[in-house]
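Consider the two complexes below, in which chain A is the common component and chain B and chain C are the respective partners.
Let's turn to the complex of A and B:
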């Protein structure tokens, strides 16, 4: 996305240079007014929007690891659950405000991520993925096995985040959390850390050769992603008001993973944007086929398989190639651009 | 299978790791010996489930070694195997119930189900290779390991939930395969089912080893796992080997599901525990290491049995992680290391 506007910048040039930002802001604008567009004015449908934004935020945090350092955090749902349970238990047993609990939950998820990452990220990618899965299974086993604290599969009732039964405030809250997640992680990606992440994700050996200590960067990335997972888990806990160990199921990780990969690995925005139509569609399927539990997971699975084989770049990859095609098509009209490029 | 020292630098490392490996093995054998005296049921459970985890893990290790595919859908073959065995065995059981004089069925009744499971597993394995992995291989081998991992994760979700849609959440199981009084070995009663499972596991592992070591196809499989390009130059048809490997691996997993039907009734999520225990074995043994996977399966089974016996069944999910973290702290490349290297190591 090189900006090569020389001389007086016309409006078209500005739009061209900032088309990504403008596109994202436009999408955010749509997300902001969406709850006032039928059918989303109904409370049930607004709940779908909350689910969609929640999935989007998770997928962004997931893609930060999967798309950039090429490590699949297969225990992602467990980190979400860890944050949820931490915040929930703090609120129930110690009367601590959920707002603080969410931050504590994020920190704890980050800490467990640090231990997991430090142990496994110096190994090859597949080990780290499987180990993260084991850690996730262990966390779920832990929650199931200490019903004195977590009430096990009976479910832990936790206080709600807001003093309202309406869905709209929650929607704007999770939307804000999505924006924060996206902006912070995108900012990290644009920093020199992001450069190191990409270098490591693409070619570990040459990254090492150019003096990057891979483990350090991998761990930083992993911890950040886990911490955001925990933070989002806090929202989940205090939005639904009930927690069961099932939120840590691997199938939830697969849902997030499917959205992230369908959106396009290594783009952040692809995951965020795709999450809305996908999870709203999935909620619709769930309602339509309520007698067929699991049909939405079959859909996610099939979509994931198709994307992995035929469109590994996902929607973001598709957009990228469209963008390139558009640029190539425009090139003959703008000879000045070509000369500017060669001129340096 | 794995040549010990591939380069000079690894010699002292290998020696150090060997001692650690032997320590672990020795400890496991000691615990088993103690269990044989104090709690024979622990030893029996270890051997019975260990044999089946060995079938699962050996297939998983082989597919990884040969095709570089970390198969996350391996547990679903266990599910398909157990359901196939149930479907085939149920009418046979009913026939026995209606006519108790059919002694032939009493002895051989369970076997058709197991054979059917083997066949179903093989067919599904071949389909997976032909329909999914081959197109992906043709398109791109970039980030192959991670991509196939995600692909198989998708397959797993589709099979589990497809099964749930088709057959529901009910348990389909049998209380026992062989309706005869338990054997008594050294004063310890052992149900015939368990003894038979152990026999089946040992026979299958033996046949599998002979196949890999002594037949030309087995040698071809091993050649591909060591050096794909070299094997291709020697005239080995890679596609044929991939189909064979995948079919064999999935057949073994399905057989495990069929043989353990009396312990694990078929239901949508039944494959999860076998899957993660098999993965646990493979991580422990080093990815791609088949003999290590077979030994490791018994160690893992011992750990699982001890946990279930002394703590609670629920802690079976937690203990492997604790154990494997301890192992990885001391030996990052797995208990038995691995000389099998593929494209994924780059």
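Let's turn to the complex of A and C:
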């Protein structure tokens, strides 16, 4: 379908065809200079930015599953925790570099994802979600109950990733990890695998009737998402320097889910973009209402409900409608490109 | 050797026998009709052939091999295409992408640019009337039927199962659908169609089977079956019920 129009493309045409990419690069540009814009010049506020980018990357990995194959991984936080503990324990007990530990943690999370997925993804939707949740709870129970290795709820002290206590390098590191997560997963979505994911997520019967082996693609998707969760968990471990089993709590999964859904299911970029204002806002609320622990979860809940009722497509869905409205508005002065394509 | 051979196919749901000991063959190149009153088990039988349901007893042979109980995706890749009674598109994909899915995964022989070309050809083949980038959830029932047909054809099937393709079409649409089905057959695809529109059945089908209460009550060339007394009774409700 290479129906590129003849002759010289104006700058406006280039912008129009690449508007998605340009928009994302502009947002990345803002994220790059954000730590130099007050109030984010302060160390405390820069810490908020790190949390935001960490949430964004997790939400992208979560949306890769929830938004495309339509399976909600309620055990997501446990896979993040699995990666974190793997990397942490390797560093503490075996002196292995956190950089290697993070990759090992990602692999182990992917492997547990493979077993979980192979067992649960034959089941439909809600059953797979519940099974993934149980696996998550079991992992958290395991971490709690082997204090010889994990020090349980006392917390495991873990070496830091960088040789500094400043926040700025960590911010750029997690921003880079966010970009890698996004670029890799977006690339998979554009491949034939992504086509299979979307087909399965939108209509299982037709996907099968079109020759797709659903279990195979569901498992591939699930493993990738879990592996990225584990990798990001490694960052968490070696940024905070202390690990407790609470990292695996379902409430963390729900925070990631809320961001992914508010950003817009099945878009990847929506989750990444809304994570910044949302988690910065939530950090602010946590500080203001420090006497009310858990108030941020209520906030996420209310926002999620409002989005589900009024804008089920989330921010990405809103952007898509605006884009379509804009195209329709321009239609009269341009012949329909799509109809012309059919002839070729 | 027949393209499709059913022998003693039986499917039960709990205590209900939806399909009972059905045996018939579909020869390569023919249009074969399967008719019967509502609830006779026609769709259940199709599901047993297409791999959505496993028969409780009996066997299905397709294209020279035993395919009893193979899953639907295997059946598709072996050359069995099907449309659904109520079209089930991928709602958020464009019409083109809907067909692209089947061209990508349904035909193992197809690679590279040929995949997208096949999808475009099939949309053209069924005379899909809307721009190909139209999102499937914006299509009406008749357009969805054509899209579903294009999807089923995109995997390059040897046998096409059509479940009430004509239901809900206007007389004009019916005529053009009949023309299209004849063209599909002449392009070498065997068709097994479940249908209620008798005009279309008698116009197109070479042979017919009639199903009632899950059992085959008549079988043979279309004109003879249509005159069969038992078939008329089944359809007109002229049964001598106690």
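Structural remarks
Just so we're on the same page, the second predicted complex is superposed on the first by the 326 of 344 C-alpha atoms of A that agree within 3 Å, B and C clash if a C-alpha of one lies under 4 Å from a C-alpha of the other, contacts with A are read in each partner's own complex, and residues count from 1 in each chain.
By definition in this document, a contact is a pair of C-beta atoms (placed from the backbone, for glycine too) under 8 Å apart; a residue touches a chain by one contact, two chains touch by 3 or more.
On a predicted model such as this, the values are computed, not experimentally measured, just so you know.
When the two structures are aligned on the shared chain, A:214 is found in touch with chain C, with no touch to chain B.
Within the superposed three-chain model, A:240 lies out of touch with both chain B and chain C [touch as defined at top].
Contacts of A:302 after superposition: chain B is touched, whereas chain C is not reached.
Taking chain B and chain C in turn and counting the residues of chain A each one touches, the greater count comes from B. By the touch criterion stated above, A:206 is placed in contact with chain C alone, chain B being left untouched. Of the two partner chains placed around the shared chain by superposition, neither chain B nor chain C is touched by A:193. When the shared chain is aligned, no partner comes close enough to touch A:172: not chain B, not chain C.
In the superposition on chain A, chain A positions 205 are in contact with chain B in one complex as well as with chain C in the other. Within the complex formed with chain A, the residues of chain C that make contact are 50-52, 71-74, 76-77, 81-82, 84, 88-93, 96-97, 100-102, 104-107, 116, 120, 123-124, 128, 131-134, 151-152, 154-155. Partner chain B is touched in their complex by these residues of chain A: 70, 72, 74, 119-120, 122-127, 129-131, 133-135, 137-138, 140-142, 144-145, 205, 250-251, 254, 257-258, 261, 292-295, 297-298, 300-302, 304-305, 308-310, 312. Chain contact summary for the complex, chain B toward chain A: residues 70, 132, 135-136, 139-140, 142-143, 145-147, 149-151, 153-158, 160-162, 164-165, 169, 268, 272, 276, 279-280, 283, 287, 312, 314-318, 320-322, 324-325, 328-329, 332-333, 344-346.
For chain A in complex with chain C, the residues that touch the partner chain are 1, 192, 195-196, 198-199, 202-203, 205-214, 266, 336, 338-339, 341-342, 344.
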